[in-house]
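Labels run A, B, C, D and E following the written order; every chain starts at residue 1.
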Amino acid sequence: MTALTAAAPTLEVRNLQTHFFTRAGVVKAVDDVSFSVGRGKVLGLVGESGSGKTVTGFSILGLVDEPGRIVGGSILFHGQDLAKQSEEQMRQLRGNRIAMIFQDPMMTLNPVLRIDTQMIETVQAHTKVSKEEARQRARDTLGMVGIPSPDERLKSYPHQFSGGMRQRVAIAIALLHRPELIVADEPTTALDVTIQAQILAEVQKLCAETGTAMIWITHDLSVVAGLADDIAVMYAGKVVEKGEVAPVLDMPLHPYTAGLIGSVPSRNKRGEPLKQIPGMTPNVMRLPPGCAFRTRCAYATEVCKQEVPFGEVAPGREVRCFHPLFPAKQGEAA
Amino acid sequence: MSLYLLRRLLQAALVMLAMSVIVFVGVYAIGDPVEILISPDADQMERERAIKALGLDLPLWMQYLSFLGNALRGDLGRSFVFNEPALQLILQRMPATLELAFGATIMALIIGIPLGLYAGLKPKSFGAKCIMTGSILGFSLPTFWVGLMLIMVFAVQLGWLPSTGRGETVDVMGMRWSFLTWDGLRHLAMPALNLALFKISLVIRLTRAGVRETMLMDFVKFARAKGLTNRRVISVHVFKNIMIPVVTVVGLELGSTIAFSVVTESVFAWPGMGKLIIDSINVLDRPVIVAYLMIIVLMFITINLLVDLSYSALDPRVRLENK
Amino acid sequence: PAQAQNVQSVTIAVGAQVTSLDPHYHALSPNYAVAEMLFGALAGFDAHGRIQPGLAESWRPVSESVWEFKLRPNVRFHNGNAFTAEDVAFTVARVPTVPNSPSSYALYTRAIKSVEVVDPMTVRFHTEGPYPNLPNDLAQVSMLDRETHDGAATEDFNSGKVAIGAGPYRFVSFRSGDRLELARNEEYWGPKPAFERVSYRIMTNNAARMAAVLSGDVDMIDQVPTTDIARLRREERVRLSEADGLRVIFLGLDNSHPEGSPFITDNDGKPLTVNPLHDVRVRRALNMSIDRNAIVERVMEGSAIPTAQFLPPGTFGYVPGLEPVRPDLNAARKLLADAGYPNGFRMTLHGPNDRYINDARIIQAVGQMWTRIGVRTAVEGQPWTTFVARAGRQEFSAFLAGWGTASGEASSPLRSLTATYTRDRGWGGSNRGRYSNPAADAKLEAALRELDDAKREVLLQEATRITMEDVGIMPIHIQKNVWALRPGLAHEARADELTRAQDVRPAPAAR
Amino acid sequence: MSASSLPKTGLPAAAVPEVALKVETPFRRFVSEFFESKTATVGLIVFVSLVLIALLAPFIAPQNPYDLAQLDIMDGRMEPGTVGGAGFTYFLGTDDQGRDMLSGIMYGLRISLTVGIGSAFIACMVGASLGLLAAYAGGRTDSVIMRLVDLQLSFPSILAALMILAFLGKGITNVVLALVIVEWAYYARTVRGTALVERRREYIEAAQCLALPTHRVIFRHLLPNCMPPLIVVGTMQIARAIALEATLSFLGLGVPITEPSLGLLISNGYEYMLSGKYWISFYPGIALLVTIVSINLVGDHLRDVLNPRLKK
Amino acid sequence: MSTPIIELKGVSKRFSKKLDFAGKILQRLGAPVRDETVHAVDGVDLTVNKGEVVGLVGESGCGKSTLGRMVAGIMPASDGTIRWHGKELAELTGSEGRRAKLQTQMIFQDPMSSLNPRIRVADIIGEAPLVHGLTKRSEYDGYVDEQMRRAGMDPTLKRRYPHQFSGGQRQRIGIARALAVQPEFIVCDESVAALDVSIQAQILNLFMDLRRDLNLTYLFISHDLGVVEHLSDRVVIMYLGRVVEEAPSEEIFARPNHPYTQALLSEVPRIDARKKSFAGVKGEIPSPLNPPPGCHFHPRCPFAFDRCKVERPMLKTVASGHRSACHLNDKVA
């Protein structure tokens, strides 16, 4: 019944490791990340800043920049390992069957090219069609994401759009080839609440209609709560908890997830101090051995200094912790 | 747009006014043109006659006012030395200088952009390091020295190119242009290269810096995420963005190239405006100096305007009204 | 390159700017040179600077104040008009009326009170009192055609419209600052020039000019830099053509500030209250310390002759036996001590750095020499523009300058350089040190009224000798004029520095 | 998870893992980044050596080339390696005045560096102050200063320098002055550009909010943050000033002939190039080249190190 | 009741670009050029009483920060009066003016750009107190340590530079800097927006602790309704430069009156909402350069009627302490 175990997923990431070999040392930006997402499903990938969400996304598209490299694991897209594809094969996949949407709509569109150029080139990069046909397709897609009078808008430059419109254009570009997978990296973080709601509405509709699988990267649990089917929580380059949205949010097993949920103000009583996770987000360059969270964790014991396995602790629930917060402890946490 | 033009015109007028005052006072302070122009045999009476003939007997401010009056009617005065309208004198020499400056600019772009692209895309490669070090040489070598070396090697030793001077010219639109003839081009090659050297370096650097910065931009990554080929990403997305600084700087440099052609023109005996102005400064031919500076300022302002226009063509974010 | 070209044409690169084709607009040697190719005057100078007939076959004073010139018959302008006495009268009348002229030729016609056309081939000039220099003066004045040039403006000459004269070459085209193209005048009255076409190019940069002749782009250049002469003598691609010039390089001394000269201080840097240069012993000491041979040999690389007077041997007014003093440091120090400066003093020697051949180098060398006798000399070179203005205001204590005697006779430098500065007589116009010597003035005055050449020469020689023994100025050397040309050509080198196409012909060997 | 076990206002200080790290000042970080580039390090070493040579010239040069009494034209134009009248070997030959080229270069370097660094420094002070003022005051002050900058920049630098020198006369001070007049505008423009950006940063607002005096805000808060581009422009302008001085000397203006800078040495020897006496111009040329290249190498790398946009 | 700490009456802020000389000439000649004006803040009334926490909510560009800056005395108002303890801020000079300024401090959004990267933490915190004589050179170190400790920072880190801290620590430095001049009123401009969720909670708790310990008053600017709800006693909602609604916290979340507030509340993603379907108010936020006439919200308002297009609605009391600017209220009434 869960997406994770049902029919062959669109994408399955197994033990992905992406490291950056910098002058100052090796940055293990992504260090053991596994999840999968099926057709028409939305996976919410949450975690704090620097926890490796973006790098995971880029790894899937094969866009990790120097000095980064995928050093381990596999990224199975319909069973095909993306980590082993050639650059040209990846190029043909990108924007075609796997698309990506970036966080900052101000920065993702090339400021000096017109929208039509940027859309048409995407169409033509993957299909042999005439410019006219490509334009037609671009126009239709713009209409689909709710941009009024797409014909005129095609002739505009990005700066002539508002932030929300720009993000819609970016989404339209991602949708041009009706991809099977979209990696959305915090696409609404830079937008206003009302505009964010508009975008979320569009995206929801599209996924439902086209059966596209989606990885929604964010640090905002609230967005994921409303949008995603499954959720994967990352901490310091590792997925620490994974499962369907409702159980994870209602009954977090990992202390970090619990802390995260606990610190959301609306979960707290007005005027009372918020539940907080002490300490700071760790520096990925100097991670302590064992569980990276243990320095901030109230349940940490000696055993946490050992490498923690990622394992299924309940049906459809995987957690990386020696001391998962089973309901026995829940009362204490909530 | 018209607001912008008007603003520019007003600025130009102001700058030119300031310039003419500076030159008037400057030339007056430097020395006495008559002392320089007059035949040594001349006696005192002859000197006084010449001073009167050139209108230098009036107080400076009166000379300036009468200049201003004439200038408003389009008459910038007559050269002391050539007894020809200063403006005409300069315009006659302008094609030669323009040809040189444009030749150098084109050369700089043709050579500089590919090298800069390479150095920017592969910053760690050996080739890139060579290019960058080489470009420092372009900045460092004094123009006059390089000019002479070019002449020594290509004209005197190898005899491939004519040493100096301007080649055959063809009349187009009432001006003489030499770049339309083979002989003219051969004459143009060395001085243009000499003048271009600095700019080649500049273009290389700008291009490289632009490439390096642009490559880090999100939209480049997004373009790659769209599945575009590397070639398209570089030749369209990156290139169009780096052209903005390159065009701006090279455009603005065109002005100083014209000014710097002074050195190249004197080394290569290139009969352009630069040589004229040096000669004119040497004999304190004030009408020519003033007219030259007026023209240069006008040219600078026109070039700036054109640069800004092309800027807005290249960068749609820039609207001229907003400047 | 030029070698491959038709022998019928020659390309000459000159180092000085031709500023105008109007022969009466700007009195400047390059303009004379061009005028001599296009127009021609009543008289001319030969290669040694001696006067010779031109458009006039002969002349003589018919009375104290009247000169009569016999014109050359059958001379035609390039447009076919005949040259007559009317044209002479017209020309003399035009000269002072050229508008805006910064350096007018009126100087050369001012002595003429009236012109009398006796017959078409005879013209008489009436002067105020005796004026022996009239033929020399008129040698500078190019003759124009009344019919063609009446009302002609300077631009009309430059554009070529009225660039019509009776000279050996006719105008083809002119690009100011770049080149002048000429064609042979087949109807020329005198010896026919060798080349049919002349391309006369302006290349003011020395290295550019050198490179042009070395690479064969041009056939001949003038003003060969002294630095290259040694090398060129060994070079097979070119040969040199040299002549002693008429330009003397000298040092002028401040005689105008008796209470202390602006750039002279004592050894501690405090201004002196008297001007040591007023003492002839000091002047002699300075003069005696200068090793002219060293300068000629090391700085000028042999391309000059050491001198103690205005003119080279063989010219009118040259003083035989007036030789440079032998450099003698001890004698010089002694003279200084006698004058009251046993430890010398400090002084700045100024000079232009862009005007005369090696000007800045010469002053440095002199600086070295003066410093050796205890006059600690600082040296400052500056562009002619500023130099000449300051020198004209007597702001310097010692300075380098040059004087070219185009007329080849000594009254010119005596009158302008060393005669007492007197405005209404027009004397001392270039006497920037304000030297004054009544004895020399008297001799000069007599010479200027003496119509008898022999007597006049003696007077001029005496004036020169008086001036030089008093060290009114310190002549250093007389420049040689050097041209470089390709081996197939021969050139008659001229003393007056003019570079004229008619002086070049194919070398006899090459024929 | 329980918060009660923790200090109420936040994290325990001991939880900060970097406590043991030594304090990394921006300067130290900058230094260590700078020395990562080999070429730049070499450039800096060369440049420092050149400065040392220039400073020590009076002690290490075989001859005082500015003292006319020590020169002898009879020793003029001697080839490298010749022993001259004064008894020592002219390793790099002599120029036309009998000036030992080696000494001439050492002293010339002195002048060139003085002119370059001096003018760049003064121009920087003047330009940076005006630029800061323009950016901070805005409005009319800004327009007036920027119009002045425009005027200056539309006046071709070489012509401006030519005219100024023709006007002032020669001399090192005048050359420096001319270069300052020609170059200040670059600094003003650069500083204004950065300052306009920096001024909008919140730390300036914070300083204003704390009622700090204006001069303090400008000089202690704004200025230090405008330094990086200023340093970059500065190094470039030192090189430019040296080259410009050389060109001016070539054109007959510039420093006094008896105290030649590198540029003047080159220009003096330039006329001997065609006659085969290459050393008069060649060695000073090399010295000039090495100087400018080394400065540019340093400046170039500074540009990279100090450019925040290239840092991730 | 005692005089409010801050009282704003009809405060506006306009940013205008005036025509220059050339522009004026052209205007004379009849060209369609004119001064451009952004009404960043348009006739706002606001009072903040001692000890109160007022939340200021609105979408990007609606003028929240501008208002905050005016309150903090960084920026003068174009129109209207700002009274500080009953005295007009613009008229205060000398030491009193400085005191007024110091009494109101601001904590900024961006923890990086609000700290001068070239000054050590100790000096960032201690400079102003030293300049204003709140501490002496001799007591300087102790004073700075105390401020740091109060903001939950380890004083041993004071010799470091801002870049060596994480976002949360930097925000603490900012807080310490503000507290160091002993203010009574703090304007927090989106002070937690840039922080990670887990750190955000720490900082919010710190704010609350400080409020309790030091009896501080806050103007808390945020676009995160959740945060505002949790912290504030009173909430003010802004839209395009104007206040559209103002009410005590419980009241506004329970009974939002203005359609904009309603939309805002319904669209805020909430962690308790599962698989909800988002809707979103139609339309984009208009440009403040030429805002729509009448009620600024009318183009997006589902209930807009004719009057909304022409007449600016005034803030009217709809319940005790609850004011709203909407013509619908008149209609109902």
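Keep in mind that, in the parts below, a contact is a pair of C-beta atoms (placed from the backbone, for glycine too) under 8 Å apart; a residue touches a chain by one contact, two chains touch by 3 or more.
Because the structure is predicted, anything quoted here is derived from the model rather than measured.
I need the common contact partners of chain B and chain C, sorted by label.
In this structure, the chains that contact chain C and also chain B are D.
Where the centre means the average of the CA atoms, what chain is farthest from chain E?
Relative to chain E, the chain with the farthest C-alpha centre is C.
Mind checking the centre-to-centre distance between chain B and chain D? Centres are C-alpha means, answer in whole Å.
Computed from C-alpha means, the inter-chain centre distance equals 25 Å.
Compute the distance, rounded to whole Å, between the mean C-alpha positions of chain A and chain C.
So the centre of chain A lies 90 Å away from the centre of chain C.
For chain A and chain E, what's the span in angstrom between their mean Cα positions?
Roughly 32 Å separates the two chain centres.
Provide the C-alpha centroid distance between chain C and chain D, rounded to the nearest whole angstrom.
Averaging C-alpha atoms per chain gives centres 47 Å apart.
Check each residue of chain E and list the ones that touch at least two other chains.
If we look for residues of chain E contacting two or more partner chains, we find 202, 205, 209.
Could you say which residues in chain C touch two or more other chains, in rising order?
Within chain C, the residues that touch at least two other chains are 207, 211, 214, 354, 383, 385-386.
Do you know which chain B residues sit against two or more other chains?
As it turns out, chain B has residues touching two or more other chains at 30, 148, 152, 156, 266, 281.
Give every residue of chain C touching chain D within the complex, in rising order.
Where chain C meets chain D, its residues are 206-207, 210-211, 214, 225, 227-228, 230-232, 294-295, 298-299, 353-354, 360-361, 363-365, 367-368, 371-372, 376-383, 385-386.
Where on chain D does chain B make contact in their complex?
39, 147, 150-151, 154-159, 162-163, 166-167, 239, 243, 246-247, 250-251, 263, 266-267, 270, 273-274, 281, 285, 288-289, 292-293, 296-297, 300, 303, 309-310, 312
What residues on chain B touch chain A, complex-wise?
217-219, 221-229, 232, 236-237, 240-241, 244, 314-317
Residue numbers of chain B touching chain E in their complex, please.
Touch list, chain B to chain E: 2-3, 6-7, 10.
Going by the contact rule at the top, pick out the chain A residues touching chain E in the complex.
Listed in rising order, the residues of chain A that touch chain E are 48-49, 162, 164-165, 192-201, 204, 219-223, 225-227, 229, 245-246, 249, 259-268, 270-271, 273-278, 280-281.
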